[in-house]
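To keep things simple, chains are lettered A, B, C and D as they appear, and every chain counts its residues starting from 1.
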Amino acid sequence: MVTRVGILTGGGDAPGLNAVIRAFVKFATREYGWEVVGVEDAFNGLMESPRRLQILTPVTCRGLLHRGGTVLGTTNRGDPFAWQERDGSISDRSQELADAVRDEGLAGLVCIGGDGSQRIALRLMQEMDIPVIGVPKTIDNDLSATDCTFGFQSAVDIATDALDRLHTTAESHERVLFLEVMGRDTGHIALTAGIAGGADIILIPEIPWDPARLADKIRRRRSSGRPFSVVVVAEGALPISANGLSDTERKARLKAAGGAGAIAMAELEGKVDHEMRLCVLGHLQRGGSPVPFDRLLATRFGACAVELVAQGRWGEMVALQSGSVDGVPLEEAAITRFVDLSGNLMRTARAVDVEFGG
Amino acid sequence: MVTRVGILTGGGDAPGLNAVIRAFVKFATREYGWEVVGVEDAFNGLMESPRRLQILTPVTCRGLLHRGGTVLGTTNRGDPFAWQERDGSISDRSQELADAVRDEGLAGLVCIGGDGSQRIALRLMQEMDIPVIGVPKTIDNDLSATDCTFGFQSAVDIATDALDRLHTTAESHERVLFLEVMGRDTGHIALTAGIAGGADIILIPEIPWDPARLADKIRRRRSSGRPFSVVVVAEGALPISANGLSDTERKARLKAAGGAGAIAMAELEGKVDHEMRLCVLGHLQRGGSPVPFDRLLATRFGACAVELVAQGRWGEMVALQSGSVDGVPLEEAAITRFVDLSGNLMRTARAVDVEFGG
Amino acid sequence: MVTRVGILTGGGDAPGLNAVIRAFVKFATREYGWEVVGVEDAFNGLMESPRRLQILTPVTCRGLLHRGGTVLGTTNRGDPFAWQERDGSISDRSQELADAVRDEGLAGLVCIGGDGSQRIALRLMQEMDIPVIGVPKTIDNDLSATDCTFGFQSAVDIATDALDRLHTTAESHERVLFLEVMGRDTGHIALTAGIAGGADIILIPEIPWDPARLADKIRRRRSSGRPFSVVVVAEGALPISANGLSDTERKARLKAAGGAGAIAMAELEGKVDHEMRLCVLGHLQRGGSPVPFDRLLATRFGACAVELVAQGRWGEMVALQSGSVDGVPLEEAAITRFVDLSGNLMRTARAVDVEFGG
Amino acid sequence: MVTRVGILTGGGDAPGLNAVIRAFVKFATREYGWEVVGVEDAFNGLMESPRRLQILTPVTCRGLLHRGGTVLGTTNRGDPFAWQERDGSISDRSQELADAVRDEGLAGLVCIGGDGSQRIALRLMQEMDIPVIGVPKTIDNDLSATDCTFGFQSAVDIATDALDRLHTTAESHERVLFLEVMGRDTGHIALTAGIAGGADIILIPEIPWDPARLADKIRRRRSSGRPFSVVVVAEGALPISANGLSDTERKARLKAAGGAGAIAMAELEGKVDHEMRLCVLGHLQRGGSPVPFDRLLATRFGACAVELVAQGRWGEMVALQSGSVDGVPLEEAAITRFVDLSGNLMRTARAVDVEFGG
């Protein structure tokens, strides 16, 4: 009897999802003869009636290597343990998922997704006895267990390209231009793109920033013949005045102000006499074809997932560590990696005179 | 005595400004032996004391062909006829400009700029007897006198690239995604990028749009197996409910709502049951290296400006007509070209099933 | 009974072929209810047994707008009037093609292809009474009847990008770098990309070039502080020593020398003392996703082809003239457009000091 | 007295050289107050009379972050220990270099260059007592001491983009297309770009390849409905028939055949019945703006070089190891890193069914 393995994508879009799927399918079918069952829209495809599943083959995966998005669809709604019914009530539907997995004869589920999806996957394994393998996906690259995640470099490239564009306009018009990039909890995209794009100021969630220091920096630049500045703002970066706020209060403040970029611009209003403008990159960072770096990493993750399944290493998650891709305990998916404030990269940023405001 | 010619850039940034300058300087110095005087920050460089001028030579113009922005700086403030003093009062300082032009021994001014700058240039010629040549610059490509302006294709490429990115995310998440692009009065960027990027709905200022028709289109797509849609919104596109509003009222409505994209999203709220998201491209469309199409066009404009000066055709403006670049009366800079609603391009858009909402 | 229309792609690959197909199919099926039959590999799909045809629908055309190549396949072998049999002999198989067209109940054939394909299409109409509509395709943009063809701008962008790259290396190493681009008979790509990419020397088939003039230019640059040069060479550009050669002899000379770029480099050997290097772009110019300019033009061509069929204007070819896309007599597909040596573009090139060697 | 430090670039061009220089200058001048002296054309600027040196400041380094090439110029000729005189004779001029370094009051030399340049630097330190710091530069990424070198990812991106383009043409025309990429001794670019670009066959110097296996693979693809193939060839990859040849003989064979790509195509001639075409990327891989990944890495290298100088760690070379940039002994610059044939990346390649021919 042919082994059947399920695969699904959960959480936000990230460039490289399709490349993981393609590599998994190519390797699993040709080398092991498994049947790969794609589950649509994260776990939902297994929980709805009728089920929404597609048999994936090397033929259906043609052209997926460089295609953005995910052919399986994705959603960050639909936790089987806390399923939202049509009437708004929440109920535990994990048993139905477990039944469906057995009913379909799936040896296990390969879950490509963020920390939310991996937490669900872990519970499915521990509580419902569903064998799972995790493939981490976070465009923010903020996962402790892996040196890098796919999608991150694509997002950095888009943000850097935007910085290049804003630079010419900032310089021509002698303005201060703000670019808000992704990063609710961590500043990896902002820091990396900021250095690569030659930003003058980088604001990250890890460093509460002091408006006075930013204004200083902008004025210093003007007096040294650079009457313009470019500021990168991670979407979770808040000024020192937010110190002590709870997580909920921080979110509320961000929402009320229209985002971290808007807050930064408002805080500088009156402190510098440049015209200021804000660009919010938003979803542009998530879509489109993955850069070659991410295509390679995603392919490696997909191939490794097959090896983990073949070796029966259920409960593990694919990760890149010191140049090699291998499995680590799925529990590690929950550990966030923050920007190391005394690390190598921060030192580099300060070396080229980036101001962090704190 | 060496002929001296002034050159300046006014109005918003546009990819190709530097390429115009480079071509003008290379041609003017090598072929005619003129001295080219770059005036900084539009007319301001001639009106401030001390004057801010730079002698431009082929050596100082190296590398400018593909560089975004303008090395001369630009501004859309500083009309010499309505100069804003530090105390906020307005005064006519055109005589000082005329004096400066003569004092510097400039045979004339080459003004690269939008309709605002060209209007000023025309008055300078008619009222103050300053010889001027215009080089049109509008990223919106909405000038009747010329088949195309530089910067437009670069903006279209950026917008189309954004549409490609949004498409993958819209599809993966089954969302309706909105992209707001430039175009306060005309929809050329929205229409061109919309077709090139495969948008489902395109909203332009020339067509007041009916929210019901948009909702229809989105629902029709869903029922034909495309449960997502991508909408391009020009920044001046308003719904039919704005019909009859004055220009000032339209602007006020746009400002209050946070832009045309926000209005479109709000109008659809409740009419469709997709998640919706908005991206505003903003200044990203203005900056960065010009695409080859714009580098060529800008180079042609710069070279033609030299020929107009050499032939003493002051009061003319460079324009592309039927494949040739030549001079037209500067007065024509004031005539806006709107999207031809029964034209070839609109027919194409409707052929591939684009909905305009009206 | 449903109208059936055939569509095919012939000759070399060009970015935009799929976009033409998509626009034709979307418009024809939705607006007119026709059935569109894709013929594989130019005319071959109708002449082989079994026939290779695919019903094209808006669903099968999803994602084609920005996809390079052609989903129908293409070939520049297989002239039905001079069909090459397996034993190498040539026979007229046009009657079989005509029979197949009738047998399939095709109202006519839309032929997307170069001058070779259009010549065949015209003969099919004139001699075999097969209704045809032509859609011109030449990446070289050398067709008199249309102001522009799709694929050209994509090729120009690739060539310009290559020039940008070569510039930095030429400058760092003080070399003379040659880039060979497409253009067997005409120099449009070389001229356009050459200006956009800031080439110092551009060699085109229309101008036999004198090696001494090139060497002069390179030496003049060195003595003015630019000890490097970048040379664009169209693949059919030959030196003055080839004047008087027949077309066959020219081809033989190009082949023997390994291409026009190699000839140019050899002719300069010993005349300048720079290191020299050659890059041949080759097929890279034909492949990949079309730039937005070409996506739009291709979409317009496809939509116009539907209108021509609908109006029964068989024997016409789609063309862009003065901003509008409409039909022209198919006979015009045979008229080559050469670079206008006294035209606007050449004047621009000379204005920015490009040397043509003649 | 102000500390003066020399900096130079040697060997072939690589995207990121200018970013190293910029970071070094920004950090060294602002933080330490050193005067940075740029030496032109590798060591030559110190050995010629008059010397060719430029004082580098943050102002002169503006805009360098994303600029390709090197503002200092480079060359791989001019070993001070084996200097080629005008009459062709070789002499040791290292003493003159040492004298020049002292005469200019340079505390030491920061040498950005390949293994050749680093070997010279090491001898200069050991034999002539000139303090040196190395910054490794190899686009081939084949240095044992560092996990990655700048320029590599840029080259991979260009090669992958070329593969994407060739794919569409290969598919449309049912051809076998070859892409020759850099890699005389190692296959890192070929392997990385090959996986990222979805190549079917990858030929690298580390694996002598068997033509019969390639033909097999191509035929297998045809019979499974993929009548085209894309082959990446590193410029030093040779077939098994070259086994046992000396290094000189291998080079001779490559030269005689016109490169590794030409050899591959010739070996398959007659074994498969597809049309075949070859593209040689050549210098396009070296030029142009560095991708963000390389801008960041180059900036880190430049900043670290300052720290090594500041700490007096002469004789060390900057290197990236496990995510941190630090100094390693300069001797390690000589150790080549080959593709690990049983490593993670090769396993990935085989998982997605890449054929290596051996």
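Assume a residue touches a chain if its C-beta (ideal position, glycine included) is under 8 Å from a C-beta of that chain, and two chains touch if they have at least 3 such contacts.
On a predicted model such as this, the values are computed, not experimentally measured, just so you know.
Shared contact partners of chain A and chain B, listed by label: none present.
Centre-to-centre spacing of chain C and chain D amounts to 35 Å, using the average Cα coordinate of each chain.
With each centre defined as the average position of its C-alpha atoms, the distance from chain B to chain D rounds to 42 Å. A straight line joining the Cα centres of chain B and chain C is 31 Å long. Annotation for chain C: residues 164 touch two or more other chains. Every pair of chains in contact is given here: A-B, A-D, B-C, C-D. Note for the complex: chain A touches chain D at residues 22-23, 26-27, 30-31, 59, 65-66, 147, 153, 156-157, 160, 164, 192-193, 195-198, 225, 291-293, 295-296, 299-300, 303-304, 306, 322-325, 343-345, 347-348, 351-353.
Chain C contributes residues 9, 12-13, 17, 67-70, 73-75, 158, 161-162, 164-169, 171-174, 177, 277-284, 286-289 to its touches with chain D in the complex.
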